[in-house]
Amino acid sequence: MTDPLLDIQALSKSFGALRATADVSLALVPGEIHALIGPNGAGKSTLIQQIAGGLAPDAGRVILDGRDVTGLNTADRARLGLGRTFQISALAMENTVLQNAMLGSVGAARNAWRFLQPVMGDARLRKQAEASIERVGLEEAANTPVSALSHGQRRLLEVAVALTLDPKVFLMDEPMAGLGAEGTARMTDFLGDLRKEAPILLVEHDMDAVFALADRISVLVSGKIIATGTPDQIRRNDDVRTAYLGDEVLP
Amino acid sequence: MLRERTFNIVAFLALPLVASIALALDEPFIISLATRAAILALAAVGLNLALGLGGLVSLGHAVFFGLGGYAMGILASHAQSYVPLDLGFIVIEGTKSMPIIWLVAVVVSAATALLIGLLALRTAGVYFIMITLAFGQMFYYFTISWPAYGGEDGLSIYVRNDFPGLNTLDPIQFFGLVFAVLAAVLWVMGRIERSPFGLALGAARQNAVRVETVGLSPFRLRLVAFVISGAVTGLAGALFADLNRFVSPTMFSWQMSGEFIIFIVLGGIGRLYGPVVGACLFVLLEHLLSGISDFWLIYLGTVLLLVVLFARGGVIGALSKPDATHD
Amino acid sequence: MTTLLLIEQVLNGLQSGIMLFLMAAGLTLIFGVMGLINLAHGSLYMIGAFAAAAVAAATGSFLLALIASLVAAAAAGVVIEVGVIRRLYDRDHLDQVLATFALILILSEGTRWLFGSFPLYLDVPAALAGPVTLPGGIAYPAYRLVIILVGLVLAVGLFLLIGRTRIGIQIRAGEADREMIAALGVNISRLYTLVFALGAALAGLAGALVGAIQSVQVGMGEPVLILAFVVIVIGGIGSIKGALVGALLVGLTDTLGGVLLPLALSGIMDASSATTVGSALASMLIYVLMAVVLIFRPTGLYGTA
C-alpha cells in the first residue's frame, strides 16, 4: 500500500468524563474515498475538528503528507493542503459566488497582503476561481450573492472554494446533506472523479452515497473506530450491524 | 432617487460647495465648520475600515484621535517655546511643519494600534468593545494626570502649523488642504475595500472559519486593519488639533469614540462614504440644534435611537437606491 | 507610611470595590441573561443619585432617599426595557452600543434639563456622620463602613437570590438556554424586564450611596460604568462571582495604587516628580491589571469561552 496522505494516529479527546474520541486511527491513501460513518453522537464532529485544527487532541497525532501538523492551527493546515467543506455552509453570505471562490484563490496564492490592486482585476486569481466554479456547475450564478443561493448551490460552492486551494486531501463533512435525489446523484458522480486528484475523507449520513462511492469505510461508535474495511466487509460486519440496528438500514 | 454612487459624489462635493459659498459670502465660521466636518469624517473613515469592513466594534478609537492631537500639540509646543523635548536617550526638536507632524501622528497611532490590537483582538464581541473602551479611558486619565502638557486644561498652540506653499491661517486654504487629505484617504480606502486584503477582511467579518479554511489568519487580517484604521484616525487627530489650535484630554474621551461610530451608522454602515455623510450630518445637526436648544443632545439622541431601531441603512440607505450589480 | 494609613486605604478600596460590584452585578446579569451590552447602565446610577438627592432635600430622610433611589432606578429600568431595550436583544452588539449610547444622551440631557447643570449634594445622615474607632485604634468614617456592610449584605442577598430561589433558577436557566426556559412555561419577556429592573435598582442604590460621599451631577455615571466594564472583563462576563472578585480587585488596585505608587517612586526620584509620575501611572493601573488578566485568560477569571 502507498504511503497515506493523511494519517491519523491514536487521537484521543475527552470532555470531562466523556471520551469523545478514543484512540482513533485512520489513514487516507492517494486515490481513495475513505468514508467515516457512525450513528448520531458517535463523535464525528469532534474528530473532524481535531483533524481540521479547530480542536486540540489530548493525545495522538495528525500527519498530513508526511508532516506532523498536530500543533498547527486551521489556517496552517489549509496552507499545507487540507481542503475542507462544512456540514453547515461556512461562506461569506453577503459576497457573490465568484467572490467566495476568489477568496479561495487569494488563500491559495498565500497573498492577502496586497492593498491597492483590485482583486477582481487579477486575471490569474480570477481564472482559477472561475475554473473551480465551472467545475461544480455554478458558472451561471457567479455574480449571485451567496445569501440568494439555494441550499444545494451553497454545498457546491463549498466544494468549489476547496477546489481553488488545489488541496492534497479533502475533508468533506456531509456534502450530500439536503441536496435532494438529483443533487446527490450529481455530487456522487463529481466526488467519484475528484478522488483521482486528491483522496477524500468523507463524513456522510447518506448511506447509499457512501456505499456507492467509498473505497473503504470506517465506522465510529462512541468515539471508537469499531471497523474499517471495504463496503462489502462493512456490510457483513456483525458489530456494525449491531451498532446500526434499528437506527439506519445498511444498503 | 439617485443611485448610491451618484448620491455619494453629490454628498462628497457638498462640502467644497458649502465652503466655496461661505467664501463668497465671507463667512469664515461656516468654512471652519466644513473643515471640522471633513476632519471628523476622516477620523470616522479610519474607524470604518475596522468597523464597517472588519466588523471590529472599537469603542476606543479616540485613543488614536487623541494621540494624533497630542503629537501635534507636543511637537508644536516645543517649537513654540524653542525648548527641545529631552527624553533622556534622545532629544527631539519641536516642529511647526504639518507633514512632519502628520508623519509622527500616523506612526505613533499605528504603533499604539498594533499594541492595543495584539491584546484586544485576542478577544471578540462584547469583550472587544469593552477592552477598546477601557484603553481609551486609560489614555484619557493619563493625560489628565500628566501635568507636563497642560493636564486637564489641555494645551494651546498660538499659530497654526505650516504646510509648504500654503497659508494655513487662511480658512479656505486650510479647508482645501484637509479636503484633499480626506479625498486621498477615501481613494485609498476604496482601493483597499476592493483589494485581496479587503476581500479577505470582509470575509473574516462574515465568517472567520471560512477565512481560516482557505489558509488565511483572521487575527492578522484584523490586526493590520486595526493598525491602518488607527493611523488614519490619528492623522485626523493631528488635523483636528490644528483646526482648533488646541488639544485636551477630551480628544481621548469615550464620547469621542462613540461619536465616530455614530457618524458611520448615521451615514450607513458598510459604505465607503457613510462616515462622510454621517459626519457632515452630525456637524449640521449640532450647529442647527444647538442654536434652538441648550439640550440639543436630547434631539440628537432621539434621532440616533430612531436610526438604529428603524433605519439600519442610514441616510445613504434611505435616500438612494442600490447600485446596479457589478463586480 | 503607617500601618494605620494602609488599613484605612484598604477599607477605602473595599468600599469603592463593593459599590462597583453593585454596578457590575447588574451589567453582567443583563449581559449573561439577555446578551445585551448596556452603556446606559451608568445613567441608572445617575438617576438613583438624583432621586435620592431630591427626596432627601424634600423630606430630610436619608432612608426615604435610598428607597427613592431604588424605586426611581427600577422604574426607569422598566420603562427603558419595555420602550427600547427589548427591541435590541436580537440585534448585534453594534446596534446595542449605539442605541444605549443614544439613551445616555437622552437621559443625561433630560436630567440636566430637570435639575440644572450644578451638582446637588446629598448629606450623610447625622447618625453616621462621624468616625468610628475600629479595633487597633483606627478612626474610620462610620458612613463608609456602613456602606461596605450594606454592599456585602446585598452581595450575599444576590448570591442567595440567584442560587436558591425560583427566580434565580429561571435566571440561570435563561443564561444557559433561552428556548428551554420558554419551553418550561416561564414568561421570558417578564423575566427579562425583571432582571433589567433588578440591575437598574442595584445601580440606582449604588448611585445614591456614593452620591452622599461625592457630589450628585450629570455625567457621574459614565466613569463608574467604564470601571464596571473593566470589572466584568476581569471577572468574566456573565459571572456574578467574577463581578465580585473583579470589583474588589479593581477597587483595591485603584485606591492603593494611587497611594503606594508615588510612595514607591519617591525612592528613585524627587518627591514632587514621584507624586506626578506616580499618580499618572496609578491612573493607568487598573487597565494594566485588565490587560494582564486578559493575556492569561482572554475570557476573564471566571468566564466561559
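Here the chain labels run A, B and C in written order, and each chain numbers its own residues starting at 1.
One rule holds for everything that comes next: a residue touches a chain if its C-beta (ideal position, glycine included) is under 8 Å from a C-beta of that chain, and two chains touch if they have at least 3 such contacts.
Predicted model, so just to flag it, every value in this text is computed and none were measured.
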item	value
Chains touching both chain A and chain C	B
Nearest-to-centre chain - CA centroid comparison	B
Distance between the centres, which are taken as Cα means, of chain C and chain A, whole angstrom	49
Whole-Å separation of chain centres (CA-atom averages), chain A against chain B	44
Between chain C and chain B, distance of the C-alpha-averaged centres to the nearest whole Å	31
Chain C residues within the chain B interface of the complex	31, 37, 84, 87, 93-95, 97-99, 101-106, 108-110, 112-113, 222-223, 226, 229-230, 232-233, 237, 276, 279-280, 282-284, 287, 290-291, 294-295, 298-300
Chain B residues within the chain C interface of the complex	51, 57, 59, 119, 122-123, 125-127, 129-131, 133-135, 137-138, 141-142, 144-147, 254, 258, 261-262, 265, 269, 295, 297-298, 300-302, 304-305, 308-309, 312
Chain A - residues contacting chain B, complex	52-54, 73-76, 78-79, 84, 86, 90-96, 98-100, 102-104, 106-108, 110-120, 122, 125, 143, 161-162, 164-165
Residues on chain B engaged by chain A in the complex (per definition of touch)	188, 191-192, 194-200, 202-203, 206-207, 209-217, 221, 224, 325, 327
